[in-house]
Structures are given as C-alpha cells and as structure tokens.
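Shared between the two complexes below is subunit A, which has subunit B as its partner in the first and subunit C in the second.
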Partner chain A sequence: MTKRRIGITVEYIVLTIVSVISLFPLFWMLMSATNKSTDVLAGRILPGQKLIENMSNLLKTANVGQAMMNSFKYSVLTTVGSVLICSIAGYAFEVYYTKSKNMVFNLLLISMMIPFAATMIPLYTLFGKLNLLNKTLGFALPSLSTVLLIFLFRQSAQSFPKSIIESARLDGAGELRIFLEFFVPITKHTFTAGITVAFMSNWNNYLWPLIIMQSPTSRTMPQLISGLTSGYVTDYGMLMLAVSISILPTVVVFLILQKNFVEGITGAVK
Partner chain B sequence: MKRKLSVLLIVAMLVTMLGSCGTASNNKGGKNNSKSSGNALTVWCWDKNFNIYAMNEAAKIYQKDHPDFKLNVVETPWDDVQTKLTTAVTSGQTGTLPDILLMQDNALAKNITNYPKTFVDLTNSGIDFSKFAQYKVALSTVNSKVYGVPFDSGTAVTALRTDVLQKAGYTINDFKNITWSRFIEIAKDVLKKTNIPLLSSQAGSPDLVMMMLQSAGTWTFKGDKLYISDNPALLKAIDVYVELVKSKVLVEVNNWDQYVGTFNTGKVAGAMTGCWILASVQANKDQKGKWAVTNIPKLDGIENATNYSSVGGSSWLVLSTSKNKDLAIDFLGKTFAGSTELYNTILPTSSAIATWGPAGTGSNYEIAHEFFGGQKIFQDIVEYGKNVPKVSYGVYNYEARDAIGTAITKIISGTDKAAALKEAESTVKFQMGK
Partner chain C sequence: MNARFKTKFKLSTIGWIFILPATLLLLLTKFWPIIRALVLSFQSGVGLNTSFVGAKNYIRMLHDNLLHTSIFNTFFYLLLQVPIMLIIAIILAVILNDSRLKLKGFFRTAIFLPCATSLVSYAIIFRSLFARDGFINLILMKTNIINNPINWLSSPWPARIVIIIALTWRWTGYNMIFYLAGLQGIDPSIYEAAKIDGASAFTSLRKITIPLLKPMILLTSITSISGTLQLFDETKNLTNGGPANSTISISQYIYNLSFAYSPQFGYAAAVSFLVLIMVAILSFTQMKVGDRR
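Let's turn to the complex of A and B:
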C-alpha cells in the first residue's frame, strides 16, 4: 500500500468517525421519537413502536399546528426583511464613499459583542412606549438589521467587480437598478447563505418572542418545546417528536439552499 | 418581462407582509393584552397535568357561585415566568402581567423583596393563613407580611423500591424515623447484597444537603447574616452527602433527565426529595406495587434535627397591577384557601398534595395507592408536612444554594471542607455586594 493510499484511508476513517459523532444526536432524537419515555431515559437507540402514540399525545398536549404557523410566519417575515435591508446596507458600505463609513462599520462590529440580554429590557421599554408589544412589527424589528448579515454582504460586495457598476452608471442605469439587476444576480450565493443563516436564527429565536409576544396564540415552536419540559413529569418520547418536527423547516431550507451555502459564506462571486 | 414580474411579486409579498405588521397578532394587542377585566382573571402557571389542571378545577368550583366568572390560564414555564416578570417590572411595562401568577417557593422572598410594590400584601385579605402548614406560610412571608397563598407541598419523602429492599432482607419500616448514619449503614448493606444503590442526585445540585439543613430547622442565613461556614447542621449535612457519594450508595448524574432515568430504569432503588417526585416515580408502570414511602433520615448529633423537611413547592401571588385584585383574592380565598372539594378533586389525577390543613380530611386522601403497594401515601405525607420545621429562605437563597453546590463538588474532589465553605461564603457576600 502506497503512502498516498494509507493517507486517504486514514482520512476516510477520521471523516467517518467525525460524521458518526456529528449525526448521532440527530439519529438518537429520531429514534427517541418512536420510543416511550422510560425507554428514552434508558438510552434505547433502536426504533420503537410508540410513534403514533407520541404523535397523539403531542397533538392532545400542544397546539403544534399553530406554533409551526407562527414560527413560519415570523421567520419568513424577518428573513425577507433582514436579507433585504442587510444586503442594501452591505452593498452601500462597500460601494459608496463617506469619510466615516469604516468607523460606523467598526462600531457595528463592536456592537456584536453586546449580548442581547443586555439590550432586551431597554428595547422592551421602548417597544412598550411605542405600543408595539404583541405586534408582529415589534417581533420583527430587532431582527431586521443584523450585523453578521451586513458583514456578509459587504464581504461579497468587496469581491464584486466595480467596473460593472461604473459601466452601468455610464450607460445611465439608476442605483436601484444596478443593485437589483447586477449585484443581486451575481452574488446570489451570498443571498442564499444570508437566507439560510437568517431563517435558522429567526426560527430558533426564543428570548425576544417570549417577552414581546405575550399571547398564548402567538407561541412559536421553541416556546412550545420549552413548555413540554416545564412540568414535573416530562414525556421524553413526545418531546423528541416535537423537536424532530420543529427542525423540519430548517432542514428543508438548508437542503434546498445548501448547494450555494458554502460559496455564499466565503463571499464568492460568479 | 420575467425579471419585472419577479420584482413585482417580491414587492407584492413585502407589501402584504409589512401590511400585517401593523395589526395585532391574534390577540387584543398592545398594553394590557393579558390583563383581564370584569369577571375574568388571567393566571400564569406551567404544568398542564399539575398546577394548570388545579387552576382550571378551582375555576369550575368558583363558577358554581359565580356563573359569570372566567379564567384564562396562560401556560408559562417557570423560567419564563421569572424572565417575563423581571422584564415587565424593570421596564415599567406592567400592563402585560397577569392577575395571578404561580411562583416557586425558592424564589418568593427575592422577588417580593426586589419588587415589593408588584405583589399584593394578603395579610389582612381575609384569607385564613393559620389553616396552612406554617412552614409554607413562612416561605411567603416577608417583613411580617404574607404575600402568597400556598399551593403544592414540597414535603420531603424517602421513596424506595420494596422488592429491592426485600432481596437484602429489609422493609420500608427499617427506614422510618432513622438517622443518616443508620441509613448509610443499611444502604451499604443493600448495595453489597443487591448491587443496587439506593439514591441518586444531580452532581453539583445542593438539593439533598438543603433538605437536610431544613430538617434541622436552619438555613444559610440567620436573619440577614450569612450562616454557612459556622453552621453545624450544614457541616454535618455535607459530611453525610460526601459519605453517601464515597460509599457509592448515592450515584451522581449530570442532569435532571438522567436523575429521573436512574429510578425509572431501576439503576437505583429510591428517590429522596420533595413529594412532587412521586409523579415521576410512577412513570414506569412496570414498577407498580413495588414502591413505598416514608419520612427522611435525621442528622445525627444536631440539636433540633427532625425526620421532616421540604424541597420545592410553589405559591399563588396576586399582582398589584391587576384591575381585579379583589376578585383574585376572593377566588383564591374560596378555592385554594377554602375548598376541601378542590383538593379532593385534584389529588387523584395530579397528586397535588395540599398544604391547607382541612384538605387532608378529603376522602381521596385516604386512598390506598396501588403503585405504592396499597400505602395511604397522601395521608402519610400530609402528616409529615405538619412536622416540617419553619425556616426563612431569604433574599439571596439561590446565590447561597449555588455556592454550596459548587463547594460540595470541590469537597468531593478533595478540597478541604473549611476552605471550600469559606470560598462559598465569599462568593455569596460578593453577590450581595458586601
């Protein structure tokens, strides 16, 4: 066996081990969704017969349909809004010149270090005064501008050929047209990555929806799952089924967009 | 054309979505959304099979004399209750708070002390607190004012697998009214003969030690003064815990799920904590008839040590921001502080054991429980509850508990006990700003 073949074999063994370790929690969750609570606690990792019973218990215990719809509505709204706003911001930071733009951008990056818990109460006070408690707008506003997404789109705009912008301007194209007809199609990988990151982040958002949306009819999936663990007795089979259902939309979004995700994250322009 | 159509579709979608932003989402919206008016009350609590069920049953009983009464129970996990309460009170947006909320006894004093104007003083509300177990009333009393209507009991119990004990030649009676040294002696023998430890605990959790502490009628504070490194009962309780771990009659696990799993799956043969654990004990139907309950061991050589204690439990609080304070007080007074029927109804399904004295006379309290081999466990636990020593958890209860939990972990790892407790004291003092 040549050195190269040994190297490849070791590489495959390592990758297989890492893949198994990474996928095991997902596999265990799916298997647990088919088992009864005591079997889950006993660490059973084989498929069980309790999927229908767990589903029936879950539907009796919690309004899964409503929570899924709420999560979907809020996630789509905030994802569309944040990608739109942050892409324009990232593009503008790179393409337009102002003396202070780098300073402003650095301030934005520094603001990433402030945990949300620190700004939550002032935000809540402000939104209360603006009468935005229990309003979808109140839910969405803090997520519409995300520094990470602005950074991502600025990185993408950096590798975007400036000559295209200049040529378009010479041909009389307006700034909005240049953005929509040149920047968006050419950097579609970045948009894909942005949509994936924003959707996952908004779908899993827990703290802000918890305090801003006080009505029981506005509960999202993370809140519903938290509720399932709050009793003195937890049905772990049912809980694992709820978690399995709750990750479905993020898995679907990721699978649809994964092809372009890595290129988008690296800021590739084609 | 295609591009124009795409842009048009995106714009249409955004307009539709942003249009929906201006409207409230499926509720009344804005300030006072969860506030009730007229004959309705809103309540926050967290367990469908336990306190939510109890609240809904209370509403049915109250509705018999008040047909127009409406109750809106909002399922809110305990951690969320604390987060929402803190956010609302700190920001001054109290319009979102309910009329009544359920609070863990461990957090009562701190919340009432931090937000005194948020809760209604119930001392002269007409509710007769002398009929409740006095250790429960003491937990919701701050500056001689009673703020909470006690709900579920946290009376400590020792629940053991009788089939395992039998294999080792013991019965549940061998564990009744004993000391910790005797408990460890028997537990070692059971472990030797059956290879099954009697107890389990979450590593780093001070619950068992705090339970021992209250059984001796003391706590981590003496008035406002920290009482840790010079507290003989605490020193003894830590010695007992370390001995339990080192002799392997207590298995330490990493989290709550694993803790429940240890006795549900037969890895250990018992559980020792608040009586609310009995609901989890019963999760494995295969163990039906194989369990029994008795009181807890008492600390050897400690003055005032008893075989009774409390862990957990909760109480109902009325919010001063409620527009229906009088209705809320009347409702609690006629149900949780005045209805034997209520406690008798909720007991068989929820196992919510009352701390309201007259409730113990209900017929369901005399039921011989099949899971516990026909033992009248509810009656027994009510009796234990009458003997639980009164203590005051104080404002910095959670800080002290956490510091003691850390100290225990260090002591088990080999750190000197005195040094670990001094460090725990310094940590709490720092958090208290002293």
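Let's turn to the complex of A and C:
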C-alpha cells in the first residue's frame, strides 16, 4: 500500500516538473510581451503595463496585419484543399481496394522519405516558370497532397462499416454522396485531427514560403518574426509580443480541438 | 458484358478518379522534382547555362569541410536528441496511462502545448531565453551556479546543447501522444496478470509495454530521424548556423548553397541527394530491425 502511494507521488512530481518546463517558456513569452525590454532583461516575469507600447512599436517596425492576413489566407485555403483531396483519396484507397491501387498507395508512402531539401530547388525553378512565385497557389501546391493525411484517412476508412456503403448503394445513392453523407459525419474525429494537423503545419511552414514568398507583401508570420531578430538590438518586449501573436491561432485551434485530436490519432493508429 | 461486371468496372473507375488528384499532386511536387534533382546533381552552372559535369559535384563533397561539419552536427543532434526524447516520451505516456491518476487532461495538455508553437516561434523564444543577457544566465547567476554569463549561442558546444534542449522541449509531447494512443490499445488485464505473477513495474515496462508499443516506437523513430535530417527552422532561427557555421544543419547548408550564397543549384542538388540516401538507408534499417524483433 505504501509502496503504491510512493509510486503515484513520484508520478505526480515528475508530471508537475515536466509541465512546468513545458509551460515556462510560453509563460515567459506572454509576460515579456507586456514588459519593457529592460525589465525583461532584469528578469521580470510578472505582467507589466507595456503591452500597448510594445504593440505600437511592433506596428511601426513590421507590417503585422498584412503578414497575419497572408498567413490566414494561405493556411486556411491550403488546409481546406488538402483535407478535401486527401480524405477522398484515403477513403478510395480503402473502399475501392484493388491490387493496383494498393501499389499506387505504396508508391505514395515512399514519397514520405523524400526530404523537402531534395525537392526545393527543382520546385522553385518549376514554380518560377509557371509564374507561381508570390502566389497563394504557389504556397499551397506542395502541401495539398500529403501522405500523412492520406494515411490517416485510409486508416479511419478501415474501421468504417462497409455495410453502410452497401445499403446506400442499394438505395441508389451515388458514390460521392455516400462519401459526403455517411463517411464524413461518421469519421468527423478523423477530420478534426486532420484539420488540426494540416492547419498547424501550414501556418508554421517556414522554409517553403521563405523561398517562394519573397516579396514583402506576400510574407507570412513565421517569416516576419524571423526577420525581427536580425537587428543589432533586440527589443524583447516587442519580439515576444510578435511571437505570441504568431502562435495564438495554432494554440487556440489546438485547445479547441485537442480532445478530438487525441481521439482521432487513437482511432487512426488502432 | 454482364451487369455485375459493369458495376464493378464503374466502381473501380470512380475509385481511380477519387485517388487521382492526390496522386497527381504528389507526382508533381515530390517525384518529378526528385528526378530533376538527380539530373541537376550532375550539372553545374547558373540558370540556363548549365552543363553536364559528371560526378564532379559528388567528388566535391569529399573535400567540403562545411558539408562535413553539417553532417556531423545533424548526426550529433540525431544520436543524442532522438533517443533522449523518445525515452522521456515513453515514460511520460506510461505515467499518463496510469488509471489512478487525476488531472490527466491538464498534464496532457501542458506537455503537448509546446507542439502547438511554430518551429520559428519556439526557436526565437529559446534564443531569447539563452541569450547572453537572457533569462537563463540571469537565474544561473542569481543562484550563484555561475559567476559569469555563459555565451550559450556563440560558442559551438553550448549552442549545440541549446538546440538539443529546444528540440526536446518542442517534440517530446508530440511523440508522447503516439505512445499514449498505442497504450490505450493494450488490455489492462495483461498488467494485472503480470502483477499477480510478481512482476515489478520495471519488468512489465520492459516485457509488456515496450514490445507492444513496438509499432509506435518504429513510427516515431522514423519520423524523428527524417525530421532531424531535415532540420532547418530551428538552427536557422536559434543560431543561424553560427558561430562561424559550427551548428549548421545539412538542410540549412543546402539552403545557403541555393539561396544565400551565389546560387549553386547543381552542387546543392547533389548534397540534397545525399540527404535522400541517408533518410532512405536509415528508414530501411529501422524497418528491418523493427521486423526482426
């Protein structure tokens, strides 16, 4: 009995320490966003009153509004597009299974091994020729079809009851309608997980926009905050405010969807 | 043609139509560029003035000290950081799977929250925390652990350590979720039986949890390895590869070759092919080892 109690106490201590380490950098970021740079450097980790001042400095230094708009536009469109394209493909790989489709699927799995660094130069020259530099479509194209999402949806199609498809077909429903009216609602956890994963990776995408979105008006948030650190003197209050703003959307999306996210992953990997 | 065959043919065609957009896009954005990169890696020059140079780019790699540094760094991060992170992730997942535990949701969210931050953002947060006049030095000095501030980011080894700390902070929770999902598929009665047989907590971890988590361990180590081999955002924003390129990663070196220095697409393509080969070898080895056990 006492041994068990020691065990669980150790577990609580470990989890508390790890949680503090996990949360502290984010807490420090939020506190710094409300303080003057000199106070941040003096180690102040309490809320301050310089939020407005930091905000006006930030707006003077960088075009945050435009970068936020760009990031929202690119990531929302890319997320919607990729979930549409990958969900129907993952579903089809499972539901219309044939040996030849499975061979295509395995080929696609191999593409997971191709590192982005290996493709970025040919993609850059190709997109230059196609006049896609600084365009939303240029940002989106490499992320619209991702093996991870196809894999996720194929896994969830595996546990989707096939009898529903059979009876819907007998009732005369078209194949696309079966997908939209039965598969989508039943596997909505997978869709939430898929949307979360896709939105986070699109919002946080850095290397590709750095190459293809080079004009100042098409820059994204990660590019903007990366550029803020290149000066000689760092204004920590302003910098941490910019970082806070840039991670806000993904943190909010994650906190809203996190329960479904874990279930979606669990459902998909079972 | 009978009706049954007709329907079957129709369904198969619809299946292909559903698969087509995703497949074409991957052919365009993954397979076509990789073939182009292979061709490019045997060429040299700028823009349209490229010419075939045979294996010259590959021979140049043998004498390229900066490339050797970037490979050393990437493997140093890989061999030290990935095992540390995955072990911590397994331990945390096992703890969080304990049915007696309260506040599970809170702990899980707290540990997973770093994954919601972008790579650039957390790199900048860590860069600020570990700056010479940053918070970490301040605390270490106030607690008298050190007398003078450590130049975390402008000396090679401390900078590499900071990169490892930052990577672990960002990715441990992510891997933990996969283990947690795997653990939820294990029947608790197995543990009960082991306990009755007198197995200690460590024995059941070693004999039950780890073997049953094997598919997850394989998945997470493949994704972590391929992620580390492609490391870019963190080194770019934490140290910018510095001081004097001592922390540069392979991806950052490829980026510099293509976009920061005068463009050398041919050589950059050859280096990126090296990364592809390394990812492929490591993934296949992982899968083989995973299969045998």
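Everything below uses one rule, namely that the second predicted complex is superposed on the first by the 250 of 270 C-alpha atoms of A that agree within 3 Å, B and C clash if a C-alpha of one lies under 4 Å from a C-alpha of the other, contacts with A are read in each partner's own complex, and residues count from 1 in each chain.
Going forward, a residue touches a chain if its C-beta (ideal position, glycine included) is under 8 Å from a C-beta of that chain, and two chains touch if they have at least 3 such contacts.
Just so it is clear, the structure is predicted and the values come from calculations on it, not from any experiment.
Participant: Evaluate whether subunit B and subunit C can sit on subunit A together after superposition, giving fit or clash.
Facilitator: Once subunit A is superposed (C-alpha atoms), there is a clash between subunit B and subunit C.
Participant: So, does A:M120 touch the first partner subunit B, the second partner subunit C, both, or neither?
Facilitator: both
Participant: In the overlaid three-chain picture, which partner chain does A:V243 touch, first (subunit B) or second (subunit C), both, or neither?
Facilitator: second
Participant: For A:S226 in the superposed arrangement: first (subunit B), second (subunit C), both or neither?
Facilitator: In the superposition, A:S226 touches subunit B and subunit C alike.
Participant: Let me test your reading of the model: by the given contact rule, A:I211 touches which partner, first (subunit B), second (subunit C), both or neither?
Facilitator: So A:I211 meets both subunit B and subunit C here.
Participant: Thinking of the overlay built on chain A, is A:T234 touched by subunit B (first), by subunit C (second), by both, or by neither?
Facilitator: A:T234 sits against subunit B and subunit C alike.
Participant: Is A:L41 contacted by the first partner subunit B, the second partner subunit C, both or neither?
Facilitator: In the superposition, A:L41 contacts both subunit B and subunit C.
Participant: Given the superposition on chain A, which partner contacts more residues in subunit A: subunit B or subunit C?
Facilitator: Partner touching more subunit A residues in the overlay: C.
Participant: State the stretch of subunit B that overlaps subunit C in the combined model; pick it from 21-29, 39-47, 219-227 or 255-263.
Facilitator: Stretch flagged for C-alpha clashes with subunit C: 255-263.
Participant: Just which bits of subunit A does subunit B share with subunit C as contact spots?
Facilitator: Of subunit A, residues 41-43, 120-122, 124-125, 207, 210-211, 226, 229, 234, 236 contact subunit B in one complex and subunit C in the other.
Participant: Taking the touch rule as given, give the residues of subunit A at its contact with subunit B in the complex, in rising order.
Facilitator: 37-38, 41-43, 61, 70, 76-77, 80-81, 84, 120-122, 124-125, 128, 131, 133-137, 139-140, 180-181, 207, 210-211, 213-218, 223, 226-227, 229-234, 236
Participant: Under the stated contact criterion, what part of subunit A meets subunit C in this complex?
Facilitator: Touching subunit C from subunit A are residues 7-8, 11-12, 14-15, 18-19, 21-23, 25-26, 28-29, 32, 40-43, 45, 85-86, 88-89, 91-93, 95-96, 98, 101, 104, 108, 111-126, 141-142, 144-145, 147, 150, 175, 179, 200, 203-204, 206-207, 210-211, 221-222, 225-226, 229, 234, 236, 239-240, 243, 246-247, 250-251, 253-255, 258, 262, 265-266, 269-270.
Participant: Tell me, which parts of subunit C touch subunit A in their complex?
Facilitator: Of all residues in subunit C, those touching subunit A are 11-12, 14-16, 18-19, 21-23, 25-26, 28-34, 36-37, 40, 91-92, 95-96, 98, 100-101, 106-122, 124-129, 131, 133-135, 138-139, 142, 169, 173, 177-178, 180-182, 184-185, 201, 216, 219, 226, 229-230, 232-233, 236-237, 250-251, 254-255, 258-259, 265, 268-269, 272-273, 275-276, 279-280, 283.
Participant: Can you check the complex and tell me which residues of subunit B touch subunit A?
Facilitator: Spelled out, the residues of subunit B in touch with subunit A are 3, 7, 13-14, 17-18, 20-31, 33-34, 46-50, 74-75, 77-80, 83-84, 87-88, 90-93, 95-96, 257-258, 260-261, 264-265, 276-277, 279-280, 283-284.
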